[in-house]
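For reference, chains read A, B and C in written order, and residue numbers begin at 1 within each chain.
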Amino acid sequence: MAIQTHFDKELSDLKEILLTMASHAEAAVKNAIEALTNRDYDLAQRVREDDTVIDKFELEVDEMAIHLLAKAPLASNLRLIMVATKISQNLERVGDEASKISNRARDLAQEAPLKLTLDIPRMSNLVLQMLKGALDAFVNQDPTAARALIPRDKEVDALNKQIYRDLSNQMMQDPETITRCLNLMIVAKSLERIGDHATNVAEEVVYLCEAQDIRHTGKGSSAALQTEMEHKRAV
Amino acid sequence: MAETTLPKITVALATQPAGTPTSLIEVQDLSLSYGAAQALKSISLGIGEKVVTAFIGPSGCGKSTLLRCFNRMNDLIDNVRIQGSVKIAQQDIYSQEVDVIELRKRVGMVFQKSNPFPKSIFENVAYGLRLQGITRNSQLAAAVEESLRQAALWEEVKDRLHTSGLGLSGGQQQRLCIARAIAIKPEIILMDEPASALDPIATTRVEELILDLKKDYTIVIVTHNMQQAARISDFTAFFYLGELVEYGTTSKIFTNPAKKQTEDYVTGRFG
Amino acid sequence: MTSAGTTTHANDFTGKKGRRFRAARIDWASLLGTGATGLATLLIVAILGIILGNIFINGLPHVSWRFVSTGTATDMFDVNKAGILPMIFGTTARVILMTLFVLPMGVLTAIYLTEYARIHSPFTRIIRGAVNNLAGVPSIVFGLFGAGFFVHFIGRGMDSALQSGGAIVWGQPALIWASATLAVMTLPVVIIATEESLRAIPQGLREASLALGASKLETIIKIVLPQAVPGIMTGAILAISRAAGEVAPILFTGAAYYMRDLPSSLHDQFMDLGYHVFILSTQSPNVDKTRPLLYATVLVLLCLTFMLNIVAIFVRAKMRKKARMLH
């Protein structure tokens, strides 16, 4: 009896828009980091412009979502619509963070490069991986993959802290570099935020597939989760 | 490189405002009473072509009565008095020159309780065609097949066309009635709570059917199921106690109605 | 909670585990009801059995092939010489003719009353009243009506218009007038039975037909009437059953004391089984000699009525079956 109804078609349209938005967001982050590394002013400018497109997508997804909710969907359809609005919100923020990075990149490009090795490339790679991983998990409806990347946020946080320490030391050693260091701190912060958003998307994917809300538990593994859930139910 | 164009969204969020010059059915100040009781009070609205329009409202609000005005089925009731006008394709259907029989061939109806004739499935669908004088078997067979296919019933009944229509399940019977109505290719199909007597699966099938039929027919459906109206209609009209309270795009009526009465009904705060 | 008087609750309703559900005493009311109604039924069946049995036993020996296949040339009170073919023919003919008259009239009236007439108009109420009252008129009154209206008024009228020289052809008792009188008498039965069957057809079917662009007449012919046929046949059966045995309406309108030949046209008189029974019991010179003849005639009358009913029921069953298999 699995026929594709008109409603199913509307849901796949929703998914399509979400994924298009996601590819824009991913591209924005990539481009922002590239603009930073290559000191590319024009690329940074384009990232900023592209952010309006991402914002429009968020509006589109929300409008579609409420239109679909009026039709009283149930079960996985209902969860999909809820999750779609949350993911689009997270993606929109990712776009904003990418925009922030590109703004810093623009400013940094106009000054002399800082002679300091930082873990920013490593951090940005990790964050991009997480983002891609979360979106792939959404496409493939794979909660296990989604769960697997949640602990990696800790790595991101650790890298962020390290970069802060390095930059703080640099600023204390050489006050001439304060402006540039501060800009880089903002970049690191933005990357950390992007990591958080990727984690959020992963959590939403778990909710979509398993109807389990794993937000705010601080744990990503299933075993710990299970005891957590049981504890909740017993109370 | 980032694109700046948005992908085409295939969800047709209806944007055509109601009551435009492209209205196929134009109702102007229509009032109807049975004896002393007034069922419709000064209704004015325009129904667009090749869209699905839903009439919602509590029991006794006049939605079915209005529907029946469009094919003059109210003529069958004694003591009915009508004021105002109903124009279909710019022609006043209550004027003297209009032949009711011809009108009903162009405005078909599907009823709440499915009412197939106690004839074979084939003869049920062919009934309207025979009325129009089509008697050649080849022509009838082709038309019957086409209608049953359009009504998503062909696969289920193609091997038993000459068995009784009454032997089908409730949902199938209703689809048979729809096939019967579309066999004569009306321009407008009126549906009076077509799925209210059906189970959820049969209801879904009928709803899908209506969405498919939309591209060829103008459909007006009376329903007391608001989620159904939200699912299948492009425009919705809310009636209460014989009056038209609000008429607009389905999106607006169900997400942000303009009138408080509509909001109360749609959120279930009514009695 | 249990107390001293009752034992534990039964887990099922058989009452096996305790006394709670066992009947304490016999249900006299039910028993009385069953007994009384059963007795009444038995009584009726017994009476019917006695009557039929009596007739059968006394009449059968005298029913011979000659009896039912020839007319009486000489003495019709003599059991060895009498023949009742003319009576059988006459009765059958008038019943069939009556059916041909009453069915169209009755069905059309019923259709008018159900489909066309406005329910609450005074005109409709008058018609309804007339139909109902007609059902209660005594059959002898129909006989007199038939004689006055059909035989004299219409018959004589036809004669003066069609015949020359004052010849009386239609203006006398005849098969056609007797049948017409019977038709008038059984009209209420057919009307009411048809009306019932028309009303039983759900309004939804009519609406569906009209909504497809059929006129009212087309709807009646194509949808309503075919569905109503079994009911109409029931009316016909009732009419036949009543008419086959009636004598009073045909007394002055067509029944003959004696005819040598079978009626050859509609304006001829006819002999009739019911009337013949009357003749045999009142006009016979020798009652004892005629009695076996009487029994035999009555037996044949009953058989004929029975067979006419069977034929009608058979036709109705076939129509029902056809309706079920559909066209």
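A few notes on this one:
As a working rule, contacts are C-beta pairs under 8 Å (C-beta built on N, C-alpha and C of every residue); 3 or more make two chains touch, one makes a residue touch a chain.
Here the structure is a predicted model, which means the values were calculated and not measured.
Viewed as a network of touching protein chains, the structure reduces to a simple linear path. If each chain is reduced to the average of its C-alpha atoms, the one that sits nearest the average of all protein C-alpha atoms is B.
Work out the mean CA point of chain A and of chain B, and you get 47 Å between them. Separating the CA-averaged centres of chain A and chain C is a span of 91 Å. Taken residue by residue, chain A touches two or more other chains at no position, since every residue touches fewer. Residues 1, 3, 5-7, 9-10, 13, 16-17, 20, 24, 27-28, 31, 46-47, 49-50, 53, 56-57, 60, 63-64, 66-67, 70-72 of chain A touch chain B in their complex. Against chain C, in their complex, chain B makes its touches with residues 71, 73, 76, 78, 101-102, 104-105, 108-109, 111, 113, 115-120, 123, 127-128, 131-132, 162-164, 177, 180-181, 184. The part of chain C that touches chain B in the complex is made up of residues 118-120, 202, 204-205, 207-215, 218, 222-223, 227, 323-327. Per the touch definition, chain B reaches chain A in the complex via residues 1-4, 6-7, 9-11, 13, 201, 204, 208, 211, 227, 230-231, 250-251, 254-255.
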